[in-house]
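Shared between the two complexes below is subunit A, which pairs with subunit B and subunit C, respectively.
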Partner chain A sequence: MSLPPPREVAIQVTGLNHFFGKGDAQKQALHANDLTVHRGEIVIMTGPSGSGKTTLLTLIGALRSVQSGSIKLAGTELAGLNPVQQVEMRRNLGFIFQAHNLLDGLTARQNVRMAIELTATPRADYDRVADAMLASVGLADRASYKPRNLSGGQRQRVAIARALVNKPRLILADEPTAALDKDSGANVVHLLRELANHHGTTVMIVTHDSRIISVADRIVNMIDGHIVSDVRIKETMVICAILKKCPVFKEMSPSDLTDIAQKMTEEHFAPGETIIRTGDIGDKFYVIARGSTDITVESAGATRAVAKLGEGDFFGEVALLRDQPRNATVTTREPVVVYSLSKENFLAAVKTHKSFEDQMSTMLFTRA
Partner chain B sequence: MRLFRPLPIAWRMLIDKPSRFVLSGLAVAFSVVIMFMELGFFNGSNDSAANLPPHFACDLILSHREKNHLKTGEEFPLAWILLARDAPGVAATVPLYTGADYWWNPQDGSRNRVYILGIDPADPMFAPAVVAAHRADLQLPGTVIYDRLSRHELGDVTVGTATTLGALGVTVVGLFELGPNFAYEGHLLTSAANFHLITGQPAEIVDLGLIRVQPGADVAAVRAALIKKLPPTALLLTPEEIRQREVAYTTQHSPAGIVFGLGLIVGFAIGVIICYQILFNEVNDNLPQFATLKAMGHSPRFISGIVIHEAMLMAVIGFIPGAVLGQGIYYLLESTTQIRMFLTPARLLLIFVLTSGMCLIAGRLAIRKVHTTDPAELF
Partner chain C sequence: MRTPLAWLNTIQNRKRSATAVGGICFAVLLIFMQAGFLGAAKLNASLAYRELRFDLMIVSRGYLMLTRSETIDIYRILQARNIPGVAAVHGLRLDGGRWSNRTSGGSTSCFVFGLAPGANFFRDEALNTAAARLQTRQTVLVDRLSRSSYGPWAVGGTAVINGQELSIQGDYALGMGLLADGSAIVSHDTYLRLYRIPRLDRVEFGLVQLAPGTDPAAVAAALRAALPGDVLILTRQELIDREENYFVNVKPVGIMFQVGMFVAFVVGAVILYQILASEITNRLREFATLKAMGYTERYIYGIGIKQGLIYSFLGYFPSLLLSIGLYRLLRALSSFPVYMDWSRAVFVFCLSLGMCAIAAVFALGKIKRADPADLF
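Up next, the complex of A and B:
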């Protein structure tokens, strides 16, 4: 298993606060939240009612004004936009609501056209584009049907076609599968996955539907206005797979490994850059997610290459366990992505599972 | 064409629920009929009150200054007519006597008030063609020309019908068309001599003086000369000025004009309320859809445009059956009351403008509801 290639940032949320009400009745709904979502990611937001996930979604969707902090969509700052600019911004987004909210008087094709009309598409192409989009959601033969003559799943697919027809770079969905049966829900999820994969569309979904968790690249959990966890599914699986190879962690449960993975920070290094240097105080443990490195040691005034580490390898644990300076230097051979765990978190994780002496023995034995 | 972009959407939204669409159309048509009726009565009142001036065949009409409309009192002495006759630029002057008396229905013996005009058969300056056709008969005592548009209550009257007018037996020697009004059931033309016999009004007491100026003379200059010559209580108006005064008097001072004018306003207000209720329900049923359009990035102007186009479509949809029904009711009322309710293109246009206005006001009110929706609430 390997990491997906690096992608541009689609959503950058920084220090975001939001308040409802005024004066004594004012209530803070979001507390200094940070979130970075990359292009093509599907992010599922979970959390109890009132946790702030919907507020965050509406702020990202330019449906509310940013009061404090920053939200950038593909580099465009939302804070400070006036209502007209917010409307303009929303034309680049796709919204899917729990209720389909289709105009009953219009056919499926005409409902989809309502979105196309917001673009520069020539009028003569409206129907062709709408029909193609409806065909892609499996409704080619229902284009001239009004919503009342469609099933719940078909109506939701029309709403999705309406949201997707302009190929928005960001789709915001609120419980898109809540009103759907298992198969219809699976179709919707499959469609979103295809969009993310083939068009680089970023998708944020607020849902309580555990059936669609598998589609997510990340799961962001919110409680009381705070992002309390942000699990990158693929990254976490990559990290856990590497951690599992490390004797210190190999007997840990997937749950414990996931906890550790979440505490690790992604770091990027350019070719030729030194990650750790002989003699430095050991402060982090590293796993290599992408790229390769050289390990060199210095003896008798000479530098000697002793090993090469690549994708799926780890290093830096000995200095942490012995509380000693680094005994080798790690230098990148090419662009490298590593995940690092602070000494404090590393030792806390180790102590939770085995006696310190056992850890030391195991580690030193395997390194011998 | 961007202005009409919401039109097809508005139309499809309106016709989506056919039963509601039909009921809405009928409700608007009901308002249109109310306005047609009130405008019809209003115009009927005005037109019938001003039915005499179009028949004057003179350049100036002399009356007492206190006579504020044609069918009221305030006479003046015959001497004013004689004074006017000698003024420079005047070709001829004749007195016109007017008054009301009872007409006995020749079939059932019932009596109704009719308005009588006493003219000079030799030079009437009032409906001259009609008088000319019966000039010889009018010279005879007890002869009248009957207004064939008089109300049916006066009986089945034709040439040769004999009955009693006031205290005098009269015979109909001819027919003409004038139409009744809200005060009198019909009109009669007779000679001045017969008028004096019927009403007992002496020849020296005149109601109106009809003045013809010499060919090529300037009416304004003649009027200025006459004003200098006549007493200050004399008033000189052209037939058109008289007509305008009659309409203004009916509109502003007569109970009928005021009641029907207010009725028109009430009909308009009822229409606004009905249209608002229809549009409010339409908007209320589609609030999440409107909010979704907002969320998608449709401008507030476009969304308002949908409601405004719905309002205008309702105006057209309600106006057509309303106009047909209104025309039918006009015909019915004309045939039963004999009050002429002319539906001219200008009046038709006025009702359409009023209908559009009431729907647009209702639409403007309904738009406020649309703009209270917050697309953020959709999540």
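Up next, the complex of A and C:
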């Protein structure tokens, strides 16, 4: 398993606050939240009722005005947009609601057409495009049916077809599979995955449906208006795989590894760049996710290469455990991606996981 | 073609839409009836003048309307004859009388015209010919459009007006409508006897007939300059306009029809408002969804306006057909001159659109409440 290539940022949320009400009745729903979502990612948002996840979703969807902080969609700032500009912005998005919210007077085909008619698609192609989309959600034979003649699951699939038909850059969904049976839900998830993989569509889903967790690239958890965790599923799996290969981590449970992985930060270094230098104060522990590095030590005024580290290797732990300056310099040989763990988190992990501390002591003994 | 959302929304619930259209149809029908009554009343007010032959009319300075006209000195008629361009001036008398129904024994209103037989008072030559037969005293022509309350009468028979028996020499079709139950034409001599007036020294009207090719405005100006200030000189059109305006804007019956039309308009607007408001309230989530999809508020307002127009159209055309039928029925029953014409059809159509516009202005405010953020 390896990391996906770096991708452009689709959603950049910075210092986002949001308030409801005025004066004494004012209530803060979001508190200085930061979130970065890349193009093609599927992000699942979880959290208890009233945690602010829906408010965040509606702000990202330009359904509310940004009061404080910043939201950028593909580089376009939403803060300060007037209502007309918000409407323009929403045309690039797809919304899937828990209640299907279909137009009751229209057939399934006409409902999907309503979305197509917002685009530059030639009028002659409206029906063809709508029918193809309905076929892709398994409703080819229901195109002429009105919502009242469709089952709950079928209605939701029409709503999904309507949201996906223009291949939007961003899809915002609220419990999209809540009304669907297992197969229909899987079909919808498959569609979302396809759009994310092949069209780079970013998908944000608010859900409590554990059946669709597997589709997520990230799981963002919110409590009381704060993003309390942002688990990058694929990256965590990559980091855990690397950590698992290291002798010092191999005895740890997946849960412990995940805890550590979630606290690690991705860092990029150019070829020839120094990651740590001899004599510096040790402040981080590193694992190499991509690329290779040289380790050099200085003795008697001369620099001597002592080792080469590559993908899956780690370094920087000695200075943290012994609270000493760095005893070697690590320089990149090529573009390198590392995940770093702060000294504070590293030492906390050592204390929490006894086996980890034992392993590290053993490892230090062998390196000494 | 783009999806005709307004139309599809309208026909989605056909029963509800049919009820709504029925309500609007009823309101538009009421407008048609009131407008018909008003139009007929206007026409009726000037009907006698439209039948009389004159280019200019001399009336008293205190003239109000046909049936409320003060008299003028007959000398003004003689004076007017001397003005260049004037071919003839005839004095016409008019007053209300009582027609006795010999069958029931009751009496009913009758307007009596007094004229000089042999002169061309009317545009209808046949009526002029008939009027020439009134040389003999105590003879009369009777309006065959008079109400049935006149009882049975026939040409060659007799009629009793103001308690005096008159010989019926002929008939004509005028119809006094709202002014009286009927009318009759007699000679000046008979008129004087009917109203016990000693001599013909005053008349209600001076009908001025001009020589061919004469400019009525110029002669009117000359008459105004020549005659004293106790009379008014009016052109034919001025008199008709004044008569109709007086009837419509001053007389209670004209105001009543106007108020009736306004009330029908308001009722229609209220019905349409309720239909639109209910439709919009029921579809707030759909409108919010459209907003979330990227449709502008203008588009959504457009849906509401289009639905209002659809209801107006659907309500207008059946009511047009119904009112044509009811006009016919009314004419047959009352001889009231209620006719459908293009101007009224277009006028009521414009009122229907106005109804739609007013209802829409009030109902569409609800669209603001469609907040796409509430969909999550």
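Going forward, the second predicted complex is superposed on the first by the 353 of 368 C-alpha atoms of A that agree within 3 Å, B and C clash if a C-alpha of one lies under 4 Å from a C-alpha of the other, contacts with A are read in each partner's own complex, and residues count from 1 in each chain.
Throughout what follows, contacts are C-beta pairs under 8 Å (C-beta built on N, C-alpha and C of every residue); 3 or more make two chains touch, one makes a residue touch a chain.
It should be emphasised that the depicted structure is a prediction, and the values quoted were computed from it without experimental measurement.
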Following the overlay on subunit A, give me a clash-or-fit verdict for subunit B and subunit C. clash
Quick one: classify A:F97 as touching subunit B (first), subunit C (second), both or neither. both
Tell me the contact category for A:E88 with respect to subunit B and subunit C: first, second, both or neither. both
Contacts for A:E77 in the overlay, against subunit B (first) and subunit C (second): which applies, first, second, both or neither? neither
Touching A:T58 in the superposition: subunit B (first), subunit C (second), both, neither? both
When the two structures are overlaid on chain A, which partner does A:E8 contact: first (subunit B), second (subunit C), both, or neither? neither
Both subunit B and subunit C touch subunit A at residues 54, 57-58, 61, 63-64, 87-88, 90-91, 93, 95, 97, 99, 101-106, 110, 114-115, 117-118, 162, 174, 206
The subunit B residues in contact with subunit A across the complex are 5, 9, 12-16, 286, 288-289, 291-300, 374-376, 378-379
Interface with subunit C, subunit A side, in the complex: residues 54, 57-58, 61, 63-64, 83-84, 87-88, 90-91, 93, 95, 97-99, 101-106, 110, 113-115, 117-118, 123, 162, 174, 206
Any idea which subunit A residues touch subunit B in the complex? 54, 57-58, 61, 63-64, 87-91, 93, 95, 97, 99, 101-106, 110, 114-115, 117-118, 146, 162, 174, 206
Within the complex, subunit A is touched by subunit C residues 1-3, 5, 8-9, 11-12, 285-286, 288-297, 371-373, 375-376
